[in-house]
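Same chain, two partners: chain A is paired with chain B first, then with chain C.
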Partner chain A sequence: MNWMRFQDALFHRAPAALAVHILMVLISVVVAVVISVPLGVVLTRPRFRRYGFIVLNVLNMMQTIPGLAIVALAMPLLGLGLKPTIVALVVQGLLPIARNTIAGLYGVNADVKEAALGMGMPAKKILYEVELPLAMPIILAGIRTSAVYVVSVGTLAAYIGGGGLGDLILTGLNMFWSEFLIVGAGLGAVLAIALDRALAYLEYRITPPGMSSE
Partner chain B sequence: MIELREVTKVYKGQTVPAVDRLSLKIPEGETCVFVGPSGCGKSTTLRMINRMIEPTSGTILINNKDIRESDPDRLRMGIGYVIQQIGLLPHRTVAENIAIVPRLYGWPKEKIRKRVDELLELIGLDPETTRDKYPSQLSGGQMQRVGVARAMAVDPPIMLMDEPFGAVDPIARNYLQDEFLRLQREMRKTICFVTHDINEAIKMGDRIAIFNKGRLVQYGTPHEILTRPANEFVSDFIGYDRVVKKLGLYRVADLAGPAGCVAREGELPEIGRLMREKESDVAFLVDAHGRPCGFLTTEDIGGMGDEISPQSLMQKALGRRGAFAQREMVLRDALSLMLEYDTEYLGVLNGGDLAGVITLSAIRKHSCRKEGE
Partner chain C sequence: MNYIRFIQDNIPLILEYTKAHFSLVLWAVLISLVLWVPVGVLITRSEKWANRVLGIANTIFCIPSLSLFAVMVTIPFLGLGRRSALVALVLYAMMPLVRNVYQGVKVVDKSVIEAARGMGMNYWRILWEIQLPLATPVIFAGFRITVVMTTGIAAIATYIGERNLGRLISEGLTRFNIEMIVDGALLIAFIAIALDTMLGALEKKIVPRGLRVHRGH
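And then the complex of A and B:
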């Protein structure tokens, strides 16, 4: 263990790498949310309900492709750098959010929806004022799963020049510098846990009052 | 007024219609109860009125206007809707729940706030303490009352209620029924009320529609249904106690006669003469304040010439201290009292004062006369 090298890794290389990693994770999760939540909403509407099964299966299959394979597949199509990385991460992040959105929306008490409809609430208002708020804790749980997952897969981005904490790990592996490995992997873990906790707090805050007992 | 013409509903993938060529008119301001066993089509019929379910064929008119001409959401905003499961939004407070339809109408905030408080008072909940509670903090009966208040928020002329009191305990249900009848006497809304409980139907309905297997078996006032059941299904559904049930429709005041002979304690020795003079079979004993405390019948006094001590007469009279019925009491309860006290007479009270007498023979004649009608 070389103390100088550890300091170099932690104070000179890590800040930039961490920033890139966070950026990449945030963009990927936001894009995944923007795609998955509306997808989940559409797939629970009566008109498209029958496609839900197919779409979920496709997403499931995509999820089984190893992260490294997706990163490798993205490179020939999109070249090197952050762009293919983000695409690969989005693909990996879609499923948990879409699945939880669908589960959350189906889980909304049918009597509540029936009462809202019976009072003359338009379908759109029911979605925004009844279904989504009540499904929100479950959707957020999906986002949490997805975010943690994307943090870990994100370290693979280094292979295609995406940067991030993976750079430190790769350097460590190539040079047999365990200090770089420890800093890269350690910060990755810390980032995953921090993100998970932050989203858990958000989930707690967003759970509708009067429902927390459930 | 709600009118159904030849309405049929066949659910997808089923050959037997859930509702079969149903025609029905519900006059304005009346409560019409749809009653029948499960799966008889009563709920389907109710839900067709606010287009939660579209009929396969037939026409439904509200105030002579075909409901298919209105936008479903607009139509529903104008019809109060209460379901058994209530369906309060769990993430909204009581006030917000009641405000849903007023908000759809775009009422100003201040008007909504006033209306919410007014409704909470109306249903017997304290606005100050209830307004900001969440549904999970209320009891079942309170939730159901909030559900009713929410349906009445914009004072819709029509209300649809699908087993609204089905999920609360019997005591709360009885209370809610009485409350609702009191409100309805003032509001005179046109109400469709679904229940599977014939007793509730008799209690709540101005008219009762009895359903079986998607068809309307009988439609009439509770009196008509109880007096002349259309067929075996109806009489089975009502049960063997239909005459007693019918007694629940009338009040003691309907059959009460004048008290006839009223006596004080001091007049007991000559009670027989007094009764003969007044040609009365029963003599009421009143205390010094004029309050009734019992009564005697000709049987108690015995045959002419027999002497019975005033003390034992007094005791007999006082034994019937409880054999009095308020004018508002239903005949069924009065009959029960008579059986309990083993007497053919009950004193009728108006508050604390003696107002007359009701006899078993009057009840018997009443039931029997109506039978033959």
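And then the complex of A and C:
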């Protein structure tokens, strides 16, 4: 253990790397939510319902593609840097959210929707005031899965020049400096776990009493 | 087509990497099964321990794979190479395997167990002849997730010294060899999808009709 190197990693390299990492995760997750929640909503409307199953299967299949492969494929197509990284992360993050949005909206009790219809609510109002709130815990669970996943794949971004905490790990592995490895890997783990816990808490708060999942 | 030519020119190398890849995956999955299935069964006996163990498994699962590999490397006994890769992969497999075994055994209908007990079966026989067979579909779903996930993460182990399919990507990136990167990525993606599809078909086969379950998310 070299104390100077440890300090260098923690105080000089880590803050910027962590900031880049958080930024990249935030942008990717927000973009993924903006794309996949509306997609999930559209696919559960009666008009497009029959495509829902197909899209779900395609998404399931894409989900099995490892993160390293997607990051690697982004490079030849989009070049090096933060932009291709974010595109790769968005592609990775899309799937759990879209899948959970579709599953959550399918899972809303048909009786509840019928009751809302009977009360004279138009389709739009049913969606915003009945379906989405009831599906929200499941959608949030998808966002949580996606966020943790994006943090994880984000560490691989260093290999295509995306920066972030992967940079520290990369330096550590190349120079065989365990201090850099510990700082980079530790912060990555802490970031992922903290995000997971925070979103789990939000999920717990947002679940209406009487329909807590599981 | 440069991409196809690259594969044609490097068939021995790719075969060697594939072999190394699958031997790592095979060992990781075997060790995980031996280790985590009993744990999953054991924690069905105590709610308190179940919560603790599943909490640990969830936390480990959150850790980015590159980070976990990197941490393993710094542990003196493990170092660079296969041992670190195996430990990390087995730790990752804890979440899907333990959770699915636990859930599978736990959701077996209470009245079935009661009937077995009424027939004079003891704990072990109930476990072997009733609970585990009925839990097979859920356990197999966990197994499928584990295999596909391990295959994917194993590629990242190339950065801690494994010579496997991930090497095509990592070397391609350092040499800026686009054919190598694309072929490596597509190969890994293809293997993951193929494995998942095959295991999915198998899952349908071995699960009794009345017991079909949806794959958890």
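Rule of thumb we're sticking to: the second predicted complex is superposed on the first by the 208 of 214 C-alpha atoms of A that agree within 3 Å, B and C clash if a C-alpha of one lies under 4 Å from a C-alpha of the other, contacts with A are read in each partner's own complex, and residues count from 1 in each chain.
Just so we're on the same page, contacts are C-beta pairs under 8 Å (C-beta built on N, C-alpha and C of every residue); 3 or more make two chains touch, one makes a residue touch a chain.
In this text the structure is predicted, and so the values were computed from the model without any measurement.
By the touch criterion defined above, A:Tyr159 lies against chain C but remains apart from chain B after alignment on the C-alpha atoms of chain A. For chain A, the partner with contacts to more residues, out of chain B and chain C, is C. In the superposition on chain A, no contact is made by A:Ala32 with either chain B or chain C. In the superposition on chain A, contact is made by A:Pro133 with chain B only, not with chain C. After overlaying the two complexes on the shared chain, residue contacts for A:Ile102 are found with neither chain B nor chain C. Once chain A of one complex is fitted onto chain A of the other, the partner contacts of A:Val90 are absent, as it touches neither chain B nor chain C. For chain A in complex with chain C, the residues that touch the partner chain are 61, 64-70, 72-73, 75-76, 96, 99-100, 103, 141-142, 145, 148, 151-156, 159-160, 165-166, 169, 172-173, 178, 181-182, 184-186, 188-189, 192-193, 196. On the side of chain C, the complex with chain A involves touching residues 58-59, 61-68, 70-71, 73-74, 148, 151-153, 155-156, 159-160, 166, 169-170, 172-173, 178, 181-182, 184-186, 188-189, 192-193, 195-197, 217. Chain A makes touch with chain B in their complex at residues 109, 111-122, 125, 129-130, 133-134, 208-211, 213-214. Those residues of chain B that touch chain A in the shared complex are 50, 52, 72-79, 81, 83, 85-93, 100-101, 104, 134-137, 147, 150-151, 160.
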